[in-house]
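There are two complexes below, and they share chain A, which is joined by chain B in the first and by chain C in the second.
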Partner chain A sequence: MTPSGDNVIYAENLTKTFGAFTAVDHISFSVSRGEIFGFLGSNGSGKSTTIRMLCGILMPTSGYGCVAGHDIATEPELIKKSIGYMSQKFSLYGELTPYENLRFFLGIYKVPARQWEGRIRKAIEMTHLSEIKNRLTKDLSQGWKQRLALASSLLHEPEILFLDEPTSGVDPVTRRHFWNFIGHLSRNGMTVFVTTHYMDEARNCDRLVMLNKGKTVISGSPSQIIGSTCPDRPNADLNDAFISIMS
Partner chain B sequence: MSWLRIRELIRKEFIQLFRDAKSRRVLIVAPIIQLLVFGYVVNYDISKISVALLDHSRTPESRELTTAFTGNGIFYIKEVFNQNQMEKLLLEGRTDLGIIVPPDYADTIRIGTTSEIQIIVDGTTSNMASIRVSYAMQVLERLNSMLLQEFYPLHLTYGKIDNRLRTWYNPNMDSRYYFVPGIVAFVVMLISLLLTSIAIIKEKEAGTMEQLIVTPLAPVEFITGKTIPYAIISLVQMIAITIFAIIWFRIPMNGSIALLFFATCIFLMSSLGLGLFISTVSLTQQQAMMSTFFFILPIFMLSGFVFPIANMPVIVQWIAYLNPLTHFLIILRGVFLRGAGISVFWPQITALIIIGFLLLSGSVWRFKKRLD
Partner chain C sequence: MKTKTISAVARKEYYHLIRDFRSLYLAFAIPVILILLFGYALSLDVDNIRVAVVDYDRTDLSRDFLNSLSSSPYFLITGHLRDLESVSTELDYGRITLAIVIPPGWTGMIRSDKIAPLQIILDGSDPNFSNIARTYITAFVDRYNNRLFEDYLNRHTLGKIKPPLEGRIRVWFNEDLESRNFIIPGIIAIIIMIVGAILTSLVIAREFENGTMETIRSLPITASELLLGKSIPYFFIGLTDVLIAVLMSQILFGVVMKSSFLFMILASSLYLMVALALGLLISSVTKSQLIANQGAILLTYLPSLLLSDFIFPVTNMPKILQILTYLVPATYYVDILRGVYLKNLGFSEMWPNYAVLAVMVLMLMSLNIVTLRKEGL
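Entry: the complex of A and B
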């Protein structure tokens, strides 16, 4: 594998250690434009660490990574212009209303002020935030917060969207809506890099990497993974695949 | 530097600070209360000295001595009848001075020789003790000259020196005049330091920092966006407590308001810079608070607020000159009391600009857009 024009995310032997602990251990993969790429694994398997390295906020210990054409070790600030990021932990301002939060990030991304009105309207419509746009963000339910965080990460129309456990703590209906929306973004050419530990959700990804203790266990499309791990069970799903790999 | 980003950072900071009614009150009321409390507390002027008097003489002459003390309204005399009673009062801290008049006091004076009275002073608070003693000395001196005139009413042909003392800038040597401008400076520094020392930590703890560092926001923009709101708040507080000091404590304001404002602005660079620096190197609010208190005490002690810098060991004097409060105090006292102009203060102003610039650049340099 080498970085090519089509690989908007590319990683080769990416490794991150914290002291004696190896969080990410020689991971290699590549993601093409418009793909929904899933990182699957239990808590502590290295998903968030990888996503943070790709977003340029953690320095890799060794290995090479390239996002939107820029080296993650040497050009993190250039990467940041092209990506949207939604952290695992809700990370918008609780004392601000959703509207004020959106406005703040438009400013931070230097979106010209004349476009703000339109962008905010679009973000609020897409994520159905209109009824809560003037409440305090800290008083919102988990589902609303998740939608707001998503809206805010899309405001500057990034090329690549990084979502770290976007659906944890969210009810199944909202989760379904969420994945429909992700599909819609991907069809419009956005690359989506998403981590999850829900096996049923992973089906929505074009391609998957399963992680365990910082190492790649298996990768491929959901059907490839199921086919290769449970060749004798035609009705198997990703859960079965995961169990058969782990056992 | 993008003004758009900085503007939105400032706007966000103000919303966060002022949306909550409780924090709004803290920002406005806290400095006034501090000024009031400190303004009344920090006072060297002695208005009351309690004296335990043991009069072994019990003569008109010894009563004259007592009257000389009670006459000026500062000394409050409590008579005791033996040495033990006096010692007890001193030990319990219920009297400042003990005066013992010997049994032969009247006789000795009458025959024209010198009589010794004993003055015992509680030296635990040494500076107060020396002021009390000097007050007592003044009383005795006045009494002595009265006695001299009474017993030797001769016209002296010998010339003498008479001093005509004039105290400039603070004619009544009111220690409040000296302290209140210092308190104004200290209160402004305390609040600006405390507010900014948690300004960045707050974002780290809330998790909002992680969202900020994945954006293309530059460290210098971030630090500027954090400095300006607190600078504005501190300036408003400075104006409020200065007005309060002038009206409530009747501190004369002889100098230029514009100079005071300018000096405050450049002083705030250091104070906010230090706060932000603490905030960038700390990981939790507790850590930031601890570091802030670690700095506040030496800043206070080594500023010339209470203890003159000239009395400090040379090495400590150097440290005192690195202290922004030292320079600000010199300017503040000079502007308030002496009415001095900017030409006098250029060394202090230069020092403040350099210290402030270093601290603010230190924060920009220490602010890392990475989690490790």
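Entry: the complex of A and C
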């Protein structure tokens, strides 16, 4: 594998150690434009560490990574401009209204002021936030907060969207809406990199990588993975595949 | 560095500020309370020393001595007591600082040109105060002595003889020797340091505690943009506090600047930046609002009060403490303010102090940037 024009995310032997602990152990993969790429694994398998390295937040210990054409070790600032990132823990400002939160991000991403109203209107319509835009963010329900976080990571119209466990703590209906929305983004050419530990959700991805203890266990499309792990069970799903790999 | 990024951070910080009234109360209550407390309670001037007298002599001369004592503004005769026993009771209860006992036959001794003893008892439990009281009473006795001496010379027709020396004292800078003129600059220094450092000590720690630091890390923003954006609202609050302090000292205490207001504001801005940078540093090192808050109080209030030449003269300190005072920003600011308030000094005389404050700002800001870069910014 080499970084090519079509690979918007490319990782080769990406490794991160914290002292004696190896969180991510020589992971290699590539993601092409417009793909929904899923990162699966149990808690502590290295999903968040990988995503944080790809977003330019964490410096890799060794290995090479390239996101949107920029080296993750030397050009984190350029990466940050071309991606949207939604972290695992809700991390917007509770004392600000959704509207003020969105304005904050527009300012940081240096979006020209004359586009602000349009972008905010678009983000609010896309994520159906209009009825709550002037309440304090800390008073919103988990589902609203999640939508707001998504809206704010899309404001600057990034090439790639990184979502770290975006649907944890969200009800099934909202989750369904959420995945429909991600599908919509992908059809419009956005690359979506998503981590999850819900196997039913992972079906929505074009391709998957399963991680265990920082290492890649298996990769491929959902049906490829099911086919290769449970060849004798035609009705198997990703859950069965996951269990058979881990056991 | 992009102004758009900085102003986005500043705007966000402003929202935090107006929605958290506690920090706003803090920002405006601290200066008012400190000015009132220090301005009214802390007076280093000694007057109205409470005196009790026992007059065993009861002559015209002893009465004249006591009358001229009570007409002095420094002494307040609170009682004419009957005996020494009641003097010691008064001293025990702290109702008087000074007691004067005129022995029987006092006038007789003076008239027969003998030395007439006068017993003066002083409560020494507050050494500072009693030292000043001792100087005052000694001077008073000397002056009365001179009068008696002149009477003696006149009686013996030697009136033309005068003492050869006469010291003519003229006080410069603080003509009335009002300690308030000296204290006010120190209060302003303490107020700015406390308000500046305490308010900013919360702002980085808050990002860590609420998990929003992770968002900041994922955004294209540099450490210096974040620091500047966060400082701006607090800079304006700090300047407002300077104005409050200046107006209150002028209106309530009549302390007026002799030099230009511009020098004052320039020095205050620099000093305020030191305070803000110090608060931010404490905040990003501790990552906890509670610890940062307490750290900020400890690191700003005590050194500014004790080691800035505000109340406690640096020249009287042991060498090691004297060296420490060079590290305290308030030392330089108080010096500038005394120049501005008392001596009509401007930038040409005071520029080294301005320079030290500017260097402190740069050093603290660099430390801040290094600390935040380690946090992934």
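As a working rule, the second predicted complex is superposed on the first by the 247 of 247 C-alpha atoms of A that agree within 3 Å, B and C clash if a C-alpha of one lies under 4 Å from a C-alpha of the other, contacts with A are read in each partner's own complex, and residues count from 1 in each chain.
Here is the rule we use: a contact is a pair of C-beta atoms (placed from the backbone, for glycine too) under 8 Å apart; a residue touches a chain by one contact, two chains touch by 3 or more.
Predicted, not measured: the structure shown is a model, and the values here were computed from it.
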Partners on chain A (chain B, chain C) - clash or fit: clash
Partner chain in contact with A:D206 - chain B first, chain C second, else both or neither: neither
Contacts of A:S91 with chain B and chain C, given as first, second, both or neither: both
Partner chain in contact with A:I108 - chain B first, chain C second, else both or neither: both
Set of chain A residues, in rising order, touched by both chain B and chain C: 55-58, 77, 80-81, 85, 87, 89-96, 100, 103-110, 136
Contacting residues of chain A [partner chain B, same complex]: 18, 52, 55-59, 76-77, 80-81, 83, 85, 87, 89-96, 100, 103-110, 113, 136
In the complex with chain C, residue positions of chain A that touch it: 55-58, 77, 80-81, 85, 87, 89-96, 100, 103-110, 136
Contact set on chain C toward chain A in their complex: 2, 4-5, 7-9, 11-12, 15-16, 19-20, 210-215, 217-222, 376
Chain B residues within the chain A interface of the complex: 2, 4-5, 7-9, 11-12, 15-16, 19-20, 206-218, 369-372
